[in-house]
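Listed next: structures, encoded as structure tokens.
One chain, chain A, appears in both complexes that follow, with chain B as partner in the first and chain C in the second.
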Partner chain A sequence: MDKMIYSILSVKKDPEKLDTLLRSLKGIAGADLYAVSSDQISAVVSDINRPDLIANNSNAIDYAGVIETLARKFTLLPMRFGSVMDSIGSINNMLVKNYSEIQNNLQKVENKYEFGLKVFCDPEKLMSELSLESEATNETLQTSYSEMKTSVYREYVNEKLKEHKKEEILLSYVDSVIAELTEFLSQLNTLKKIKKMTSAKNIIDAVFLLKKEDKNELIQAVEDFQSKYPRLNFILTGPWPPYNFVDITIK
Partner chain B sequence: MSKNKILCNTGTVDLSIKDISDEFDQIINKEESRLKLSPDNADSGLAKLVLTLVELIRKLVEKQAMRRVDGGSLTDDEIERLGETLMKLEMKMEELKKYFNLTDRDLNINLGPLGDLM
Partner chain C sequence: MNNNVIDQSKDITILELLDRVLNKGVILTGDLVISVADIDLVYLGVKLMLSSVETMEQLKSGKLINTK
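== the complex of A and B ==
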């Protein structure tokens, strides 16, 4: 039978605590969980038949639930859904071969939580408001039209230019929000990954890794950002296991 | 898993829960934006792939052209010809999309961790 790996964690402080916790949990398809250990690190696994390994919502939630419960008690590296090896021996080999990389990553995420921040807007409304403000200050959108003579092709270019300028204004606005966010996060010594414009409405999609004790400061900061930028919706989620901050190429 | 992971969501932008939920669905469920090539739909699958690349290049050309117009480095005649070319390209693209029954959304394929193509 194959072995599904949920996470790799550090058990240096209290290995018995892990066994007790695993006895109270069930894995995918109600399977028992157990630990495969090498020195101070353990992989949490359950037995699984390949046909039971279906990537659906229910299994994904069960899988994430195990990781989250473990993350409340241990420093861990969450594994991607579907991480399967054929035997306990293979898992042991993997732990031994990657021991130092695993330890480095565990150190990186120790006593830290991951948080997600998504910033939404009403794109049309925001873009037209920003364009109006820009016109009021430097008239860039207006001058490009009035200077040009009219023809079908010129009007087409004018329309495209107008769209282009609106996009530039929006991008510059998003950059300014990100810059402010980044400045705040650097004060907390936070690891971060920020993507912008992942869709028309989702203008910022960010994840942070920060110390557990900084959670309330982050919440307060996001609330302050929300007050400062009423045209945007800030949605902060977490705490999550460090899904986005594990960097290991398994040998 | 904890039911409520939302720590802060006090914004007042007129976005309904459905809008936000749709956004999450769009991010999570990328089925529509995947290229589905199989022996049964090789023609349309290939058309989708080719038109996606053509549309990407067309948009890049358009963006670069607008930068040049905005920068003031083109003469009136050049702007006129540019407008004609871009307009005809867009019209031709619309024709092709109609012919192959494709929408703008179909041509915005998902590149996994890199996000959407356009």
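== the complex of A and C ==
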């Protein structure tokens, strides 16, 4: 029977605590969980039949639930769903072979939480409002539009120019929010990954890794951002195990 | 705690969770077998960058993804 790996964790402080915790949990398809260990690191696994390895909501939630529960007690590296090896021996070899890289990653995420922040807007409404504000302070642009002689071609060019200008204004606005966010995060010495304009509505998609004790400060800051930018919708999720901050491909 | 900030929306949480579980985390090189609901088994290289929603849809439509 194959072995499904949920996470690799550090058990340097209390290996017995892990065994006790695993006895109280169940893995996918109700399977028992157990640890395969090498020195101070352990892989948490369960037996699985390959046909049971179904990527549906229920299994994904069960899988994430095991990782989440473990993360409350241990520093860990979450594995991607579907990480399967054929035997305990193979897992043991994998731990030995990748030991230092695993330890480096465990140190990087120790005592830290991951949070996700998505910022949404109504793009048409926001672009229109920003454009109006911009035009109010930039009469030159308004004049140049109105002075152009009317023709189908000029109307088309004007429309395109206006659209381009609106997009520029929106991008500049998003950049200014990101700059402010980045400045705040740098004060917390936070690892971050920020993507902008992942869709028309999702203008910022970011993940942070920060010290556990800084959690409340982050929440307060996002509340402040929400108050400052009422036209945007800030959605903070977490704390998550450090899914986005494990930089390792194990063999 | 302000619900506008810490969103409790089930949908968003599940999407975020699926994105992490299927897209992120430690990658184990090799091949594995995943089946999606009632769909035939699909062979995937583990390094494939799965996008949770898109992948589910692709798999449900029966599209085979070969990363070898």
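In this section, the second predicted complex is superposed on the first by the 241 of 251 C-alpha atoms of A that agree within 3 Å, B and C clash if a C-alpha of one lies under 4 Å from a C-alpha of the other, contacts with A are read in each partner's own complex, and residues count from 1 in each chain.
What we mean here is this: a residue touches a chain if its C-beta (ideal position, glycine included) is under 8 Å from a C-beta of that chain, and two chains touch if they have at least 3 such contacts.
For clarity, every value in this text was computed on a predicted model and none was experimentally measured.
Once chain A of one complex is fitted onto chain A of the other, the partner contacts of A:122 are limited to chain B, with no touch recorded for chain C.
Contacts of A:154 after superposition on the shared chain: chain B is touched, whereas chain C is not. In the superposition on chain A, A:198 contacts chain B only, with no contact to chain C. Within the superposed three-chain model, A:240 lies in touch with chain B and with chain C [touch as defined at top]. In the superposition on chain A, contact of A:51 is made with chain C only, not with chain B. Using the contact criterion defined above for the overlaid structures, shared-chain residue A:82 touches chain C, although it does not reach chain B.
Of the two partner chains placed by the overlay, chain B and chain C both lie in contact with A:61.
Shared interface residues of chain A, touching chain B in one complex and chain C in the other, are 61, 64, 219, 222-223, 226, 233-237, 240.
For chain C in complex with chain A, the residues that touch the partner chain are 1-2, 4-7, 9, 12-14, 16-18, 20-30, 32-37, 41, 44, 46-47, 50, 55-56, 59.
For chain B in complex with chain A, the residues that touch the partner chain are 1-2, 5-15, 19-20, 23, 26-27, 62-63, 65-67, 69-70, 76, 79-84, 86-87, 115-116.
Listing the residues of chain A that touch chain C in their complex gives 5, 8, 50-51, 53-57, 60-61, 63-64, 77-85, 94, 105, 116, 118, 219, 222-223, 226, 233-237, 240, 243-244, 246, 248-251.
Those residues of chain A lying in contact with chain B across their complex are 61, 64-65, 68, 115, 120-122, 125, 144, 148-149, 151-157, 160-161, 164-165, 195, 198-199, 201-202, 205, 219, 222-223, 226, 230-238, 240.
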